[in-house]
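Each in C-alpha cells, the structures are laid out below.
Paired with chain B in one complex and with chain C in the other, chain A is shared by the two complexes that follow.
Let's look at the complex of A and B:
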C-alpha cells in the first residue's frame, strides 16, 4: 500500500491576531484588536497599500517562511517555485463592498486596484511576482479543509516532480459585515491571518535549510454522519501504514453533525495519546487547521510530537494531516545528504 | 462637483502619497511607467482617484497622456482651468 505523498517542511511563517511567530501558533485566538497587523513592519517597502487585508497577511506569512528557509528557497530556479493556498472567506467583505458600490454609485466607481480580487485566486496569485514564482500558483476553496487540502495538493505536486519548492498554506480574512450580522455565532472564534509552509520533496537533498519536519495529508468526502467512522478508519489506515500512529490528535471541528461524528470517532485512533479539541466556527475558515500544523512543527517545548491534525466541514469534507516534527523519534528514517553551500541551485528532480 | 485645477505641487504631493515615494524620487517630469515602473492597473486606480478628487471625468483617450506629474497637470489644467 502506498500512502499519501509526504513532503519536507523547511520554512514556516505565521501571521494572526496575537501571533507573529510560528512557535506561538498553538496559542489562543483572541478577538483581533484594531491595528493588530502593521503592514510597514511585516512588509517593508512600497507597493502594498492597495492590497486587500488577506493578501497582506499571505504575503507577510510567505515572506517570513521564505526568510526562515533562506538560501534553499532563493536558490531554487523561478520555474521550479510554486504556490498552493487554501481559503474560504478571503474576499467576501470586498465582494459585498463591490455590490454596495455598484448599487449605490455604479460600476465606474469601483476601485480598479481591488477589482481583480473578485476572484479568490488573486490572493495567492500575488505571491508570484513577490517571490518570483513561475511554477503553478493555485488556490483551493472549501469550508474548513481548504488549507489542509492545499498541503495535500502541494505534496502530490512535489512527489510528481512538478516543482522543487512550494509555498503552501492558508489565508483567511475577517467575515464580511453581512456574514457577521446574519449569523454572528458562525464566525466565532474568528479565523483570521495566514500560515505558510515552505515545502520540498521528502527525499530531495537537504540544501542547508533547517528541516522542521514532514507532512502527509489525506482527505475524503463523507456523505453523512453515519459514514464518518468507516471513512475515518480508512484515512487513518493509509496515513500511518508505514509508521507509528500519531501520539496526539488536534481536532479542529465545528458543532455540526459531521463534526460531532468525527469527534466521536477519534478516540479509537488516539491509541492512548491525547486529543486536543480546537473549536471551529461553522462559518468555515480554513486557517486554523494549518495553524495547528505550523504550531506542531515549530513547537519548542515538547509539544512537537507526531500529531494528526483533523478538520471537517459541516458539508462532509474531511481532511487529516499527519505532522512529524524533525526531532520526533517515531519518524521514518530518511536519506541523509551532505549539506551543500548556500549558493547551490536546485534543478529538476531526476 | 468640478473643483479648481490643482497646482503642480499639489499633484506631486498626491502622487508621492499614493505611490509611497519621496519628493526626491518624483521629479515633475519623471515618467510613471518608464522611470517609476508604475503598471497599468495602478495607473487606472490613480485616474479614478483623480476623478473623484477633482470632480472630473477623463476620457479613455486622455489616459495615455497622463505620463508624468507635468502631463497630468497639463491635462487637468486644460479641463478645469489653469491654477
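Let's look at the complex of A and C:
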C-alpha cells in the first residue's frame, strides 16, 4: 500500500474573527464581534455584497492566498487551476431560512440569487469564476475532517495530474440563532471563517514563489472507540513510513467517545514532543484543523516545527495532516515518484 | 488500453442500489428493461410549490435500520446508503474481516437534511437540533466495519462522478486496493422548492430531450459500487462487471446554475475521459448523458456530444436514465456508473422512455429495444450547479474494446 501524496504549499490565506493574517492563525479564537468582517476592505470591487457570508470569507482567504503565491498561480492556465474545499455547516443557516420561507410563504418567495446555496458545494463553486478555475472545483463534507480531507484530496489530484495548482482549504459560517440555541454545544467561534492554501505538486519546478512548506494527509475510519488505538497506529505508521516523525501534535478533538479515545492514544506517537489540545465543537465544523495547518506553515522564516494536525469526528472519521515547514532541517529528500497513470492528457503541464 | 499500470486498473466487482425501482440491482435492471418508474406525489407537509412529484423509493424498500449513528438520527438517505453498500459488498464477495480494508467515498449533498425538515415541518415540536448533513459515509463505514479512509463528497448533482474520480485515483495511486464508492440523496422540501423557484422543476415527469420538457424531476435513492484494483480482484478470483477505464473533471467557471452554451468544459471532460481510458470516440457504443430534462442543459449537452462524436453521433445510442428513475441528485453519477456497468457486462442497452424528441437535441435515443451494445465502451456524464462536470468511461474488464 502506498503512502499518501505530498504537496508543496506556496500561498496562504486566512480569515476568521480576530485573524486577518496566516501568521495569526494559531492565536486566540475570540467570539466574533458584530462587523468583524468588512466586505469592502477584504473584497474591494463590485458583485460581492449580496453573497452569503461563507462565500465572502472564502473569496477573501483565496484572494490573499493567490496574492501570496503571485505569478506562479496567475500564470497557470485556467484548465490547470482547481479548488478543493471542505465544509460542514456553511449553508446551515440558509437551509433553515429556505425551509421556513417555503413553509410560511411558499417556494415562490425564495430569493433566486441565494437559493443555489441550498447546495453547500456552491460556496466553493464561487471560487471558480473568481479565479478562472477550470480544472475542477470540489467540495468535501465529512464531519470535522472535511478540511483536512480537502488537503488530502488536493494532494492526490495533483499527483494524478488533474491540476497543476489547487486552492485547498475549508470554510464555515455561523449557524442561525435558532440552530445555536437548539444545539448549544455544536458550534464554536473558531469554526467561522475560511483558510486557503495554494498547493502544487511536491516535485514540480519552483516558479519563483515562496515555499511555505509541505503537507501530506492520511485518513482512516474508526467504527468505534475500541478500535482507535490500532487504527491510529496503522495510520501513523503509513503517514511517516519514509521520514522522521513529527515533533509536535496539534489535536483538534471534541468530547465524544471517539475524540477521547484519540486523545488517549496520541501520547505514544508524540515521542517526547509536545501535544497541543485544541477543543473542538461537537457539531463537526472543519475549519479549525486547517487553521492549525496554516498557522504551522506561516511560522516566521519557515522555521516552524514539523507538526501533525489531528482531527476526528464523533462519527468515526480520523484524519492527520503532516505539516513540514520549508525550513525544517529534518525534511526528508524528495521521494522517487512512480507514475501510476499513463494518460496522454493528465500529465503536469508547465 | 493504457490507463495506468495493469495491476492498478480499477474494476467494478460489486453493485448495490435502492431506487424508485425497488431494492436491489436485479429488480433495478429488470425494471429498466421494462420502461422504468412513474413519478408520484410527495407526501411531505408544507410543499408550497408548483411541482410536487418525484420518482420515489417504495416505502417497503427503505430499510428501517440503522436508526442512529453517533447520536444522530438517520433519515432514509443514510439508511438506503447502508443497504446499497451491503448489497454491493455481498455482490463482490467481500465479507468478514476483509471489509476492514475497504475505503469509502460517499457523495451526498442534502444528505440527512430530511430529518431536520420533518421536525421543522411538524410544528410545535421545538426547534430541530442541527447535525451535520453528510453522515451517510460514516453510517456506511460503521455498518461494514471499515477502518480505511472515509471521504465525503458534496458536488451537488455531479458528486457521484467526482466520487468515482477520487476512488479511481485512490486505486491507481496504490493508496487503496478496494473502495466502496457511492452516493445517496433523498426527498427534501428545500431541494424541491429551490428547483421550483428557479423554474427548473417539471411538474409532470422527467423528460430529457423531449420537445415539451419543462425541467427536471428528482428521484431519491442510493447507489454503491465496489471498485478494486485488477490485481486485488484477480487474486481473490472476483468477477468484474467492467473496468472504470477513465475519469475526467472540468469546471465551466462561469455561472452558478446555467451551463456554458459553448459547452467547452463539458467537451473537454468527455475528451479527457476517453483519452484517460485510451479510447477513440468510435470505440464508444453507448452514452449515458446527464440529460436532466431542463431546456438549456439538454440542448447544450446534445451539442457537446456532437462536438466529441461528430457525425457518428447519429449512430451512437444514448440511454437517458433520468426518464426512468428521475434525477437522483448527488447519486446520479453512481446510478449512471452502475447502469453503465450492467450495460457493459450484459451487452444490452435498454430502450428509452417514449418521447417526442426536440429537434434542437440532435442525438439518437433508441425507443425500441433493448439494443445490443456493439462497441463495449460506455461513456457517462454528470453536470452540476457551479458548472462542475465529470465524465467517465467504462469498458469490458481487462480493457476489452
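Note that the second predicted complex is superposed on the first by the 326 of 350 C-alpha atoms of A that agree within 3 Å, B and C clash if a C-alpha of one lies under 4 Å from a C-alpha of the other, contacts with A are read in each partner's own complex, and residues count from 1 in each chain.
The criterion applied here is as follows: contacts are C-beta pairs under 8 Å (C-beta built on N, C-alpha and C of every residue); 3 or more make two chains touch, one makes a residue touch a chain.
These numbers come from a predicted model, not from an experiment.
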| item | value |
| --- | --- |
| Partner chain(s) touched by A:5 [first = chain B, second = chain C, both, neither] | second |
| Touching partner for A:315 - first (chain B), second (chain C), both, neither | second |
| Which superposed partner A:125 touches (first chain B, second chain C, both, neither) | second |
| Partner, of chain C and chain B, that touches more residues belonging to chain A | C |
| Chain B versus chain C as contact partner of A:49, first or second or both or neither | first |
| Partner chain(s) touched by A:116 [first = chain B, second = chain C, both, neither] | both |
| Chain B and chain C contact sites that coincide on chain A, given as residue numbers | 112, 116 |
| Residues of chain A touching chain C in the complex | 1-5, 78-79, 82, 87-89, 92, 95-96, 98-100, 102-103, 105-108, 110, 112, 115-116, 118-122, 124-126, 128-129, 132-143, 146, 149, 152-153, 156-157, 159-160, 162, 175, 178-179, 181-183, 186, 218-224, 227, 230-231, 234, 256, 258, 283-284, 313-317, 340-346 |
| Residues of chain C defined as touching chain A within the complex | 2-5, 8, 46-50, 69-72, 104, 108-111, 113, 116-117, 120-121, 126-135, 137-138, 141-142, 145-156, 159, 162, 165-166, 169-170, 172-177, 189-194, 196-198, 246, 248-257, 265, 268, 271-272, 275-276, 384-388 |
| Chain B partner contacts - residues on chain A that touch it in the complex | 46-47, 49-50, 109, 111-113, 116 |
| Sites on chain B touched by chain A in the complex | 19-21, 41-42, 44-45, 47-48 |
